[in-house]
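Take this structure, written in structure tokens, and hold onto it; I'll ask about it next.
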Amino acid sequence: MLKKEHVISWLSESFSVLEENRQYLTQLDTAIGDADHGNNMYRGFKKVNEQLPALEGKDIGAVLKAVAMTLISTVGGASGPLYGTFFLQAATKCTGKDELTPQEVSVMFKAGLQGVKMRGKAQPGDKTMIDVLEPATTTLSELVEKGEPLDIAIKEAVSVAMEKLKETIPMIAKKGRASYLGERSKGHQDPGATSSMFILEAFSKAIS
Amino acid sequence: MKKLINNPDDIIKEQLEGMQAAHPDLIKVNFEPYYITRAGGPVKGKVALISGGGSGHEPMHGGFVGHGMLHAACPGEVFTSPTPDQMHLAAKAADGGAGVLNIVKNYTGDVMNFEMAAELAMADGIKVQNIVIDDDIAVKDSLYTAGRRGVGSTVLIEKICGAASEEGYDLQSLSALCRTLNQNGRSMGMALTSCITPANGSPSFDIGDDEMEIGIGIHGEPGIQREKIKTVDEIAEMMTVSILEDAAYSRALKEWDFEKNEWVEREIVDEPFKKGDKVIAFVNSMGGTPVSELYGVYRKVAQVTEKFGVKIVRNLIGPYITALEMQGCSITLMKVDDSMIKLWDAPVKTPGLRWGV
Amino acid sequence: MKKLINNPDDIIKEQLEGMQAAHPDLIKVNFEPYYITRAGGPVKGKVALISGGGSGHEPMHGGFVGHGMLHAACPGEVFTSPTPDQMHLAAKAADGGAGVLNIVKNYTGDVMNFEMAAELAMADGIKVQNIVIDDDIAVKDSLYTAGRRGVGSTVLIEKICGAASEEGYDLQSLSALCRTLNQNGRSMGMALTSCITPANGSPSFDIGDDEMEIGIGIHGEPGIQREKIKTVDEIAEMMTVSILEDAAYSRALKEWDFEKNEWVEREIVDEPFKKGDKVIAFVNSMGGTPVSELYGVYRKVAQVTEKFGVKIVRNLIGPYITALEMQGCSITLMKVDDSMIKLWDAPVKTPGLRWGV
Amino acid sequence: MLKKEHVISWLSESFSVLEENRQYLTQLDTAIGDADHGNNMYRGFKKVNEQLPALEGKDIGAVLKAVAMTLISTVGGASGPLYGTFFLQAATKCTGKDELTPQEVSVMFKAGLQGVKMRGKAQPGDKTMIDVLEPATTTLSELVEKGEPLDIAIKEAVSVAMEKLKETIPMIAKKGRASYLGERSKGHQDPGATSSMFILEAFSKAIS
């Protein structure tokens, strides 16, 4: 079972890892974007982190909705609405709940993923966060279907996602700023896929 | 990093404080969240023209708030789209009862954020349309990219549509004008140096002493192509010819459908320039190139357009849509008819553009 | 060398061709020798206001020719004073029968060349006065130097005296106004980078990545002092305080004595600023610094002047007197009374400065 | 005797040496000025050189006056009016003459020097062309007074001038642009003094 304390610690873990990797993400975005992704994610999750104490009494749906609104109003750029939508759609599946079964967690991730796809219209292979979020979600839900415990399922999802993250390196970007570079976007890991990876890792850490 | 700033985290706030201190007669800056409206408050009965985008492109957009141009602007962090709440509050503050037209440069982030903002404003009962500007011909394809970027045309469109709003255009006719102007405008940019974003502190791309980037945007992103530096004549000719000979460009852009009450994709085609067209020519500095060099560029633009049979009827030369301190320039040509020229000539009084008043 | 130019030997000619192509309604460029007059020809009955200096400071001076500002400008080679024949022919072309006022920035070359030019014009029966502008407080001493340089005040003076000429001031009263404005104005400049003159091709001075030059002029010459880069607040405060606290400055400047019929030295004293003074604040980019950073500077200038009890009644912010692509800024404060403010507000229509018309 | 052919060859020699040292003079002016002295002198003397064929029939006074006018209208900066005045004042002493005695040459140089001092108000020690022109003129006239032949006198004047030129290095500039540098102008040779030196050397070369 995923308790709301887990969700809170997922979010604070996410902030830690994004803070730690602020420069790294910006560096990735310098190569094929506009050098702001690390700062965008840092700004957003810093605000989320500051709000966590105030959220402790709330149910998971309310927490995720608050996170969504904070990200939408602080991150900006492409990643703001995308991550915002992820948490907003995820929240809709958790309204009023104080804990989630593994199946419900899987539903939550699927809803978030669908939100990002709906908003950004990216497909796997476009060199975006979808290249990490989609295979991770698929792996998670498959394993949960098979009855694997949540912590095992997410660990496996993270390791699949890690492979998929590396696979963004040779891709030619077709969405977002990196798409303007065409062939020159090859050879660089996607920043948004990388931040997604960090957030998944934070989730895994929070529940183990 | 060679910049006149304090802590990089504070520059948006402090530079806006400077703007507010300098132009209290023209603009009012809101700080939490950031948006800039006209000093006089909303203009009753006129469509509010709003734009926004990442900071670092000054004077665009905040410098274009004022009589005859924008009603509000939303500055994001440097090179980062502003957020829907800023845009939503700006719409509320600027709406004079005749609705809001958001001028949105075509970047994934700007488009998504402005869509969410429009939805929020509509939920408040404000009529809102978003028109996306995508004039950068360096991006060839909209199928395998995020589509052409919104660059120089934006400035000209903000001026012309701003005048149209003063004239009393309603939301539908103002949106139509805005859409047509976007179809009529094409731009291309180049850089001699990279800019440095304050938060990053080092150049956004490395470039050799004898190299230039062709087809850059305005965010310090690398361009489409790296070349050895050429003469201004070669550069300006290549860019002007590329603009003049750019083929018909077709893509789908989202607009709000007030009948269906949802976003719809509109297939939009920009027709190529043809002999006899009248144009506004805009030679823009990326921030670090002085106006003297822009005149060298303009000289060639004038020669090439004349040879092509296109007539420059108005021009704008200077740093209006910049990328921090980047050295380089962009060229925009926008086809205009007599009514658009009249709107161009109409009085404008903003911190960044002023004439006739 | 990162510049949008062709052959360095041709840039003055080509950039002037670009200016002429861009602004045929405002200016007329003469090419052999170079001078720029108003498109409409001499203004009958009004004193012709003329300035000139090396090129590389655009839009000054050529960009300030037009209604409400200069009647003619003489561009020299890059950073090199123009020659007496240019100035002489410009005076002949611009004189509307009421005489000529030459606004001369205080550099040895400019002063000598304009003196020779005035003599030539007077030999033709044109009444000419030369007023020397020397507002750069970075130069402390006039005994052991060529005296304070003419910098930012020049732009403000050209605007105000241009309006006064339109108002019908005669040569004597216009000269008096010009002299008073020069006494009322003080400036200071700084650079983050060196510019590169096209003919030279390499930086005019070497400067470390973490260094700045304080007290620079506008010719890529090294400044008065080299320091580690500070924050914009520290820089702007230091410069503004230096200007506000600058003591009375006394020196002799040459003017033509119409009674004695010869050049006479006039002892001139600039009184220091005092509480209650009203000023125009001018924050200028050296060419490579974008307007966003200037607003950061202006913010501090406004704070410091307010604390000092000096009231900014008007401001001008942007690249108006530049040193090619140099990054850096200058600050000018000029004490003004109500009549000067009225002249400042009067309509001006030039390629580089425009309002009210 | 200084013939008018000597004057013509002095001027064309001056052009050669200034053309050759264009970069060098500009470099000197970069250190303590505005990086244009080499180009200024080159531009002026190139024009002078182009006009020499047309001047061949004229007397020395007319030649020098034409040179003065050309320098005044092409050099610009501080050096334009200064060198222009040098030749203009020098010309006044040679009106109608096709050749000059050594005494007349000495008078010509003195007149030129006085012109520069009158126009620029510089004194020896101010780190300007005066620091070369004045000692050279003094040496020349002293030797000529003593009856030395012109070519010997000018050679000696040049060698004195050369020493004096080097003495500009430690000076603090008090006139012209370099004066703004104050103490920082120390350690650099004055560009205008250097071009004066070249013009004197050209004179010496022309008559030997």
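First chain written, first letter: the chains are A, B, C and D, and each begins at residue 1.
As a convention for this text, a residue touches a chain if its C-beta (ideal position, glycine included) is under 8 Å from a C-beta of that chain, and two chains touch if they have at least 3 such contacts.
Everything numeric in this text was worked out from a predicted model, so none of it was measured.
S.K.: What are the mutual neighbours of chain B and chain C in this structure?
M.R.: Output, common partners of chain B and chain C: nil, no chain qualifies.
S.K.: Quick one: chain B and chain D, Cα centre-to-centre, how many Å?
M.R.: Inter-chain centre distance comes to 56 Å.
S.K.: What is the distance in Å between the mean C-alpha positions of chain C and chain D?
M.R.: So the centre of chain C lies 31 Å away from the centre of chain D.
S.K.: Determine the shape of the graph in which chains are vertices and touching pairs are edges (line, ring, star, complete, other).
M.R.: Contact pattern: an open line, chains touching in sequence.
S.K.: Any idea which chain D residues touch chain C in the complex?
M.R.: Touch residues, chain D against chain C: 26, 30, 32-36, 39-40, 43, 72-82, 84, 119-120, 172, 174-177, 179-182, 184.
S.K.: Could you list, by residue number, the parts of chain B that touch chain A in their complex?
M.R.: The contact residues of chain B facing chain A are 33, 54, 76-86, 107-109, 112-113, 115-116, 138-139, 144-146, 149, 197, 199-200, 204-205, 217, 219-222, 224.
S.K.: Okay, in this complex, where on chain B does chain C touch?
M.R.: Touch residues, chain B against chain C: 2-7, 11, 14-19, 21-22, 55-56, 58-59, 63, 192-193, 209, 212, 229, 231-233, 235-236, 287-299, 302, 315, 317, 319, 322, 324-325, 327, 329, 349, 351-352, 354-357.
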